[in-house]
């Protein structure tokens, strides 16, 4: 087991990982930018090192600074959290070369699953359903036209190295394709230094469903059920739940078995998430692998009883899954997570600033993951999430009732937050009926969500 | 189901009940003293009524004020919480006469179990083990001498109407008995307007173990396992856990079955707790019934998944237990509660005042029940509890690790708290080994705990 | 600098939490120091619910569902006159029975012991009496309405 | 200066976290000191860990296990002289190699571009150079010790 772990992240996830280290009796080292000097992750870690200025390019994203901090504090391992360097294969490689365990998949696996097209090929080979589309990278607009003709419009052009909607175009007819192809290619080249595109059939009004994976260093893979993440604004998840109201036990089992094989085949290790789109007939299609802990991991923790972050550390230290997990892992009850962001609840305009008052909800069935405290400042440099509010119940109805009362007793003053938006969602008949998809928010005209699905 | 419920209490338990009401879609009415105007239970209830001055005799304990508040707000029911009027049979009777449902046992049952000696007789009749001692109320010091001779010294003289150690005397020999008898009688008469005494064998270094009862209005009784509450200072519980490290599944089942019959026999309804002493041979002896929700109910909620406060409301509204509970209720994992009091951690001197800084722990497996917020004032008029911190784990070791990290990230400034005491307990080898009893704290010389067991 | 302006500055001090302020205008100078702890205490004694949106009460009503029953919204005290408060929770009656004239009305002079109103509590009619001689300036509660403990019933001018 | 203007200044104080402000216009003068809340703003910019027990930092070190690595305990800045800070995280070396004399010592006059020390980061030796002429007053870090980003290395007196 590790003696000391460095957490290459900030905010609630840094605190989450520090807590896991404390529970495992491991010393923790926080790194922080000058803007985060008064953060709770700095306060509660055993050691803390300032690694750079407020802008993340010079601090949380700066590999030499993070590695230097790890070296001067003599840690055995680095947990990257989510975002920042978490899926950066170069960083994982530098860790390896520096003799520091990277708590995540191996660099070569990070590279494989980080390229959307190669991940898609690997999944397809293993029998995981993928969307009809191009075989590999498109060579030209002409090839795109021919593939699109075969799978039928509308189709999506996607950047192979993509993410966040950049290099993505929806094509409704062959007439528009050549133009949109060159636009997407230029955008992808600018954003990712790689203009490679591929093409997939567009699923209308899809649901976004993802499966949680844990894989140890000994070839054992466990799938811990799915999360429903269809409620999004501007391609960003805002409310997640587990299990999905639209996944049957049969579908869960079938996909889980296929996925376990696929992840074993690619040599996947540690925690990861496999994202799918679900069409209106209830079919799932692979879209991508997120090779890290997800923001929304607590809903899975609530319904499985598994501590995913502790599991990540134990896996990286070489523990086999049968030592970490109950066997078999059962799914019990229902959990919902609301992301409480420092944003205007209608325009989604960022609202950084000082929390002049804060009351966190508590009590039965409620979990809050946050690094916020009364009088803390939400800086404008990083993402806008202030807290994750998670509610658990015996069934979806009880989880919803708990979440409502938790939102009612969650007080944030001084800045805007998404609390009122969540209150609106949790009172909406379509949400209550489980009747929604990724365009739900934009269709309701709740906030300026983009129209194209993610 | 009720439309509107009045909560005749304050602090965290008032907030707990308001949350249960919100989850059930019931409107809530808070009552408050002038000292509690800025309390969260006032803030989060649908309505709030000031019922009197800071001193509880003129507010939370004043029956006409509480009933008037219920009448002017047109509630269907009153939840009394714990303490204050919760076990007051007169109050339950006035509620009944006013056409308001008292969420608790019937007045006649409150009376029966409120008198320790009559409760003891009822339990004995139903086959629940009781301590050897007097049959009913002692008529004289002479009778006490004769009974004590039979059961063997040391013995305890106890007030029939007693509680909180008043009217209680430990007698080590017959020579001391007459003097102590008259002292106890005088004290009991002064404290409870009733000088009746009874006598029981003293258990040396006992453990304090209690069983959670739920009983509906249709004669169904369910026992939801036990709680270990041996860690006390001055007869006040400070740390509780479920299940008890010293109760075997066999013992749990035997006692549960006997208790279910006994509670059915006395016509018990709603939630209640039956307290036992355990001697060093592992035998349990009934001591008293607490006819209300207990402070430490969350540990049972964590290991059974049952929401006890919601259950209380549903039972009072006439719901049968089979609609409320999973059948059978299973005990899963381990939970620990630390009472965070506004007290000096060594002297236990009360430390009321303003919380100048507050950081509540959160994350996986941690629950906080509190009405505190940054800048709130802990008034000197009421009990000193600021928060209940509850940690859950797959087993006792995981629950302890979680509790430690939760205590490490729990920040209270401006007043003293019992956090450092709990940190000491949770690092103590005897506690970790489950090797403790009600004199644990005083034997360790941690705080000025009284020597006589409670 | 007028007293009104000084009052305003003090108000500002309390609301913003500024520690000290010094203002000089020509030969006039005012220096005010906020009571560090006293200030807080004062806030904690302010009515919780009817906080105006710009007040600095910990959780302002603007962002919170305010209780539907008024948690003693201290009425505007006209000309700083004292009020007679309800000593109990109950229902306010201005007259001995329906159809009879009220015990008192604005402008009436009352003597100690004179009945001002009735508060019904648990079916009991409690007569509320004047404690000192004075003139009733205003009745603050409507007939038949519920009142809290400490709720202001009348504004009066002592004699 | 009108009350409105004073209000605006206070607002500024609260928002920016400035501790004290004095404004003079002709014969008019206003001096404001931010308090508990204004101070907080300042606190949020203060180093987190080495809070003295009687400071009012939100979570004082007195009640908290303080991180063992000093989170930039800003050294006492002698006579308010400027410091030279580390631009990177790494290990501080005062000399080109073991056994050789340090690049600079107290009292030395340094010129722009002159090497002051080495910070080793990821096996790379980064020479830290003086940016302006000055006299080294004090070396603040021991040879071979880790330094954070922004940690003060030398106190110097500019020439």
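Just so it is clear, A, B, C and D label the chains in written order, and each chain counts residues from 1 on its own.
One rule holds for everything that comes next: a contact is a pair of C-beta atoms (placed from the backbone, for glycine too) under 8 Å apart; a residue touches a chain by one contact, two chains touch by 3 or more.
As the structure is a computational prediction, the values presented were derived from the model and not from experiment.
Separation of chain C from chain D in touch steps, taking the shortest path, is 1.
Taking the mean of C-alpha positions as each chain's centre, the chain lying farthest from the centre of chain B is D. Separation between the centroids of chain B and chain C, computed from CA atoms only, is 39 Å.
Chain B and chain D have centres, each the mean of its CA atoms, that are 53 Å apart. One simple way to say how far apart two chains are is to compare their mean CA positions; for chain A and chain D this gives 37 Å. Within chain C, contacts with two or more other chains are made by residues 40, 58-59, 64-65. Shared contact sites, meaning residues of chain B that touch two or more other chains, fall at 357, 359, 373-375, 408. Chain C meets chain D in the complex at residues 5, 8-9, 12, 16-27, 29, 34, 36, 40. Against chain A, the residues of chain B that register as touching in their complex are 15-16, 19, 22-25, 40, 44, 298, 301, 305, 307, 309, 326, 333, 357-360, 362-370, 373-375, 394, 398, 401-402, 404-405, 408-409. Residues 40, 44-49, 57-59, 64-65, 67-69, 71-72, 88-91, 121-122, 124, 146-151 of chain C touch chain B in their complex.
The touching residues of chain A, counted against chain D in their complex, run 29-30, 34, 37-39, 42-43, 45-53, 59, 64-65, 67-69, 71-73, 94, 98, 354, 373, 375-377. On the chain D side of its complex with chain C, the touching residues are 1, 3, 6-7, 10-11, 13-14, 27-39.
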